Amino acid sequence: MDFVSIKKRLLKFSRSAWTPFAAIPIALGIGAIVLLIAGYNPLQAYAAMWQGAFKDRTAITEVLIKATPLIFIGAGLAVAFRCSIWNIGAEGQFYAGAVAATAVGIYLGDLPRFLLVPLVLIAGASSGALWGMLAAFLKNRFGANEVVTTIMLNYIAIFITGWLVTGPMIETAGLFAQTAKISQNAWLWRFLPPTRLHTGFILAVVVALVLYIIIFKTSLGYTIRAVGINPEAARYAGINVKRKVLLAMAISGGAAGLGGAVEVAAISYRLYQLISPGYGFDGIAVSLLVNNNPLGVIFSGILFGALRSGAEVMQMNAKVPSVLVFLIQGLVVLSVVAFGVYSYVSKEKEE
Amino acid sequence: MEDSMPKNNDPQTILRMEEIHKSFPGGVFANRGVNLEVRQGEIHCLLGENGAGKTVLMSVLYGLYKPDAGSIYYKNEKFDARNPKDAIQNRIGMVHQHFMLVETLSVAENIILGQYKPWKVLNNLDPVIKKIQQMSKDYGLNVDPTSLVQDLSVGEQQRVEILKALYHGADLLILDEPTAVLTPQESEHLLDFLRQLADKGLTIVFITHKLEEVMQISDRVTILRDGKTIATVNTKETNPPELAKMMVGRDVLMDLSKKEKQPGKIIFSVKNLNVKDERGLPAVKNFSFEVYEREVVGIAGVSGNGQSELALALAGLMNSEFDSIILNEISITKRDLTRLNQLGMAHIPEDRQKMGLILPFSVSENFIAETFNDRPFSKYGFLQFKTIKNYSQSLVKKFSIRVGDVDEEIAHLSGGNQQKVVVARELDRRPKFLLVNQPTRGIDIGATEFVRQQIIAERDGGAAILLISTDLEEIFALSDRILVMFEGQVMGEVSPNPDMIEQVGLLMAGKTIESVL
Amino acid sequence: AGQPAAEPAPAGEQPAAAFKAGLLAPGPVNDGGWNQTAYEALKRMETDLGAEIGYVEVEMSPAAFEKAFRDFADQGYQFILGHGNEFTDAAVAVAPDYPNTFFFLSSSRFYDPSVPNVIGLNSDSSQPCYAFGYIAAKMGTGAGLIGGMEIPPISESFTGFINGAHAVNPDFPVQVTYLGNWTDTASAKEASISYIDGGANFLLGNADFAGNGVYQAMLEKNVYGFGMFGDNTEKAPQQILANYILDYGAGLVHLADAVKDGTFKPTSNIEFGLVDDDVIYIVYNEGAATPVPQELRDEVAALYSKISSGEIDTLAPVE
Amino acid sequence: MELIPSILFLQGILAATWRMATPILYAAVGEVFSEKAGVINIGLEGVMLIGAFSAYSVAFESGSLWLGLLVGILAGILSGLIFAFFTITIKANQIVVGAAFNMIGMGITGFLYRSMYAVSAVPLGLKTFQSVEIPFLSSIPFFGEVLFKHNIMVYGTLLLVPLATFVLYKTAFGLSIRAVGEHPKAADTVGVNVVRMRYVSVMIGTALAAVGGAFLVLAYADQFVEGVVSGRGFIALAVVVFGRWKPWGAFWSSLLFGIFYALQLRIQTMPDVNIPYQFLQALPYLATLVVLVGFNKRRVQAPKTLGVPYK
């Protein structure tokens, strides 16, 4: 590959990756108007938000920690969406992963670390993958629309988790609706003490990278994209469409499940009823924001992590309700969309 | 020749389009100063290669596109349709190249769509249905207004389109390649019908690639090339070679030189193939045939008689039952069907956009649609972009496909060039057995000529070829033997002797071979 | 109109470093229930102690908890309340880094001498609810208990209620419904109606926001009920017989005062019960259509001392 | 179980079924319009929240439920306008915009609720729409309770569904909507304004979603709380598919959902049932899955251009 084409590619990539960032000011601007109307000082609010996300090394690592589950989920969803499967079920798949990881982390707790950590992660990934494949199976076998089935499976996964932590898996003391802590041998390494930054974040980045390569550089990814664009043509080309649907959902669910496992093994160390505050739904936006590009997901995941992280400090110090962050997230998505269309139009004109 | 165009306010002139310019974002100049003059009551053919700008010109007239420049006079007044509604209200009807029918609605619903204010209650469609039935009788169109469009054959849908235009009230009727999807009989019928309409005073603009049709039906012809008017001529004063030359800008070889058939061994044979269509009804019944080395077997038939199902079944894309299928002395089982590709079969599908191509993919990604998993295009599961690009560039050159860069999205190519990509990809695999379905449907003569030459070259190179086409001219031009298909069955075999055309037509209509010969 | 943006806490005669108290709430602080209780307690520290206060409705993910604790502690907060047992792990992880900060945990019985600055605070809702159950069984035909999710502060209050009711009549019909969330007022109301259809005429909701649906059902179907965690009389003025007031503020202000003065030296976790009659108490609604009769109030008062002395175990396992 | 209690049990469930189905049904019928025209709006949950909040705050401030409902509808229409602008005019991916709407709905209603109804304010309850007992009919045993003792917004669904069916299948407008979702170009060529049809359909969809949200605060519980919609927007999406993109289909599917929801709440009230409550709660969702799979033999296709921008 010659230098010019490398440069062109880099330019193209950075353009697509930075679009969300370019759109942030618009979203913040609209947010500021809402803040003003409600009687807050937007500058103060945003200053607090910035502080919360970036004031020092710890704050930044916390952003990365928050971004971790979003990157896992978003990168997986990018694969499903590329295959034109509208997986709204990452939330449930995340739960499935967290549950399996916890079970392994507790019940196989005596295993040595070098065995247990991989086992926990594999358990999470495969459990999430299975939960995702269930929807794919229903789609393939019965033609059941995945938007519906994945929504239903979300609820079911959450209820099963609720049952497990109030029933069979409740901690031995039996006091609270939570499981016992997983064995220390299952904990992921926090490599930058005293911060909590853990290997799970690295893993998320690696997963995003690998999924990027799979989607855009391998023949497997070629088939997944082909199925997503034109299943008829893909079938004609000898691609087994149903198998790809199953595979894409397995990858998507697997990544979400891995996210759940990492959340347990690196952060919470045990399972609660509500282990996810809606990561699965945020993940949809995280992926679509960067046009379902798994590499871009790293950026958009961090963006959302920073917004969330900052919002809490904004509430602490500027007394602005943190729910506002949902509004800002939504506005970011809309302005990215508008921005994307704008830059597309201007690009067309250039040519 | 442009000088010969009648000047202003000729009472005979119903439509005049002057210096029409229309471009699209991305630098496509579809119309670059087109002039067209149509006289009251004539049948006026518009002729031109793919992408010459015919459809765009008519779309401008019909209010679908706004021209960049130019003026239109219709019935001696400046005319400027902002949308199709304007056109319809001014009694312009258009039958579009791709059917504009909503399949899930009934015929009557399609016909009245857009005719009323939104709040109009359509509780009782009986009067509409009656009127359609009456019209359908008057025009001899035989259309049932209550059936759903999705249950109609292509020919019937075509009639619905025409009826729709007439129902809306048309003084000027535009038909964009209406015969591209019709059988010879249907085409014949349509042409007769249009003649009758014209005799009643209707003005018709007729777009086609088929020169015989032009000669047969039109009063005058306007030829477009590259978005410009080349000429308008009286049909009586011209001939097909001249028309072809004006279209393409060079002489066109109209007949194919084909070497004598040199029969070899059997390459492909099928015994008692049965296929059910999507609704579960038998579409192909006990179909048996064999194709020899260096031979083209043509399957003629009216569309909808099981040809699509036959092709899909053989390509392993549709479930089927059979006693035996043998390719190159290998007996194929049901499971193997999907692997036929690897065993030496190539398939040019009937609908390139639906099956042959993945539209948002690039040209080069489309070239590897079937071989993406094989070396050298893929190593250890990784695509080898450099190899793929080189390979694509060589194919583009070899098959003279007009495209700037092989990384360009294939959607940006013209229909003819898209078809060339499919043909190039399939032929480059040097297939033992080539299954070709409607290879030249809707592409211009230049491209048609090229594709047909390639098929013949492949035959001469030793391949066995099964050609399915509803275009009898094509069947006769290419085939060494002809099988006629009717309602899923073989009605008989005939040789491609031009004297046999009538018999083939009768077989296609369901007559038995005994009664025909 | 919104609250004024962050203004410095009324400094007054505060010492150089203002006393700061922070709250991690697991849900919106205006929920009219659990979270609001804590928020009001925080406000009390502001008014009574001149504390500088801050709160955060923390994202319900364990990842967020530790960060929120640290954000407060880093800013010099000496008193931080994690309002729920789910904050325990995070508090324990953070506490050793901030020896001068006290981390309090609601609905927790945590005490561990090795992390002496993490203290569980349990306000025993089962005790007032025991009294409610007792009243219901005396006055009613059956009771329905509607909870958000099955977590100890909820289930313990229900256990108390059932024990109280069964103390009067072991066959008194009383059942528990969980909604599975804290927001679905409509389902809460529908669950209440189910109980009423089934013959119950007492309702108790413990579901934060969703609890509003239970009050709504009392009002509409005219059945008895109780208010939880505060004075909810206005939501069903004729129907609510009594409110359980959790004046968390009263309890916390004490503690905070001690923390502020540096005199807080805990040796165990802290339990609030009926015995702390400024923190947990019951207020009868005199305006109810059928107020609780005086004899019954006397009986209930008698229960208080038995509960406080431990003679009655309000948390005894049900069946 | 004895006969009488079991009839009462059934009666209670059936009466609750319709109530529980109502908010979902409003949203689902609206979404039928939107999807028929080719636009899928997964932001229903957010729009319902916006409808609920604006209806509540106006009803609360003005004291008029009807005014609240009206403003709720207007807010829904405005949301639809914005949604349509992004998905139809800008041609953005409909799923992205829908996801954004869910966030915006959650954020803006939560934020405004905090700002406007600060902690420990005055009583925030409304006087909700009361049950209207239909004379005579409401005293029929069993059926009276099940069918004739509901509030006006529940009865409204009886008007809504036939009306929606009529509009979709018996008017030129409905014909255009159906055409626009199947084959917009065809509609375009006969003079149907595709963009306008899609805008209107989307706005009908969001207006009705807002009604569904408003129902929760004006006619069920008596005040807005954050997240009050509690997933009903997502259920409505499922109901549309399940009801095969038809108003009556949506009607029966939401009733089916309602009945399982009512059933699980009732079973929880029953003594001697020791099923973990989470399983009962999963019942409606499981049932939807099972029915979807079991009864989906005759596949009904979604509108052909669902999710695809025109041109």
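For clarity, chains are labelled A, B, C and D in written order, and residue numbers in each chain start from 1.
Note that in this section a contact is a pair of C-beta atoms (placed from the backbone, for glycine too) under 8 Å apart; a residue touches a chain by one contact, two chains touch by 3 or more.
Keep in mind the model is a prediction, meaning the values are calculated, not measured.
Compared with chain B, the chain whose C-alpha mean position is the greatest distance off is C. Interface comparison, A-D versus A-B: the higher number of contacting C-beta pairs is recorded for A-D. Centre-to-centre separation of chain A and chain D, using mean CA positions: 29 Å.
In terms of their C-alpha centroids, the spacing between chain A and chain B amounts to 47 Å.
If you average the Cα atoms of chain B and of chain C, the two centres end up 75 Å apart. Distance between chain centres (mean CA atoms), chain A to chain C: 35 Å. Looking at chain D, one finds that residues 110, 114-115, 226, 278, 281 touch two or more other chains. For chain B, residues touching at least two other chains: there are none.
In chain A, the positions touching at least two other chains are 38-39, 159, 162, 166, 321, 323.
Of all possible chain pairings, those that touch are A-B, A-C, A-D, B-D, C-D. Interface of chain D with chain B (complex): residues 170-173, 175-176, 178-179, 182-183, 185-193, 304.
Within the complex, the chain A residues that touch chain D are 34, 38-39, 81, 86, 88, 138, 141-145, 147-149, 151-153, 155-156, 159-160, 162-163, 166-167, 281-282, 284-285, 288-289, 321, 323-331, 333-334, 337-338, 340-341. Partner chain A is touched in their complex by these residues of chain B: 25-27, 315, 317, 338-339, 341, 347, 349, 354-361, 365, 368-370, 372-373, 377-378, 381-383, 386. Interface of chain D with chain A (complex): residues 42, 46, 86, 90-93, 95-97, 99-108, 110-112, 114-115, 226, 231, 234-235, 237-238, 241-242, 276, 278-279, 281-282, 285-286, 288-289, 292-293, 296, 299, 302.
Every residue of chain A that touches chain C in the complex is listed here, in rising order: 38-41, 44-45, 48, 52, 58, 62, 65-66, 69, 158-159, 162, 166, 175-178, 181, 194, 196, 263, 267-270, 272-277, 279, 308-309, 312-313, 315-323.
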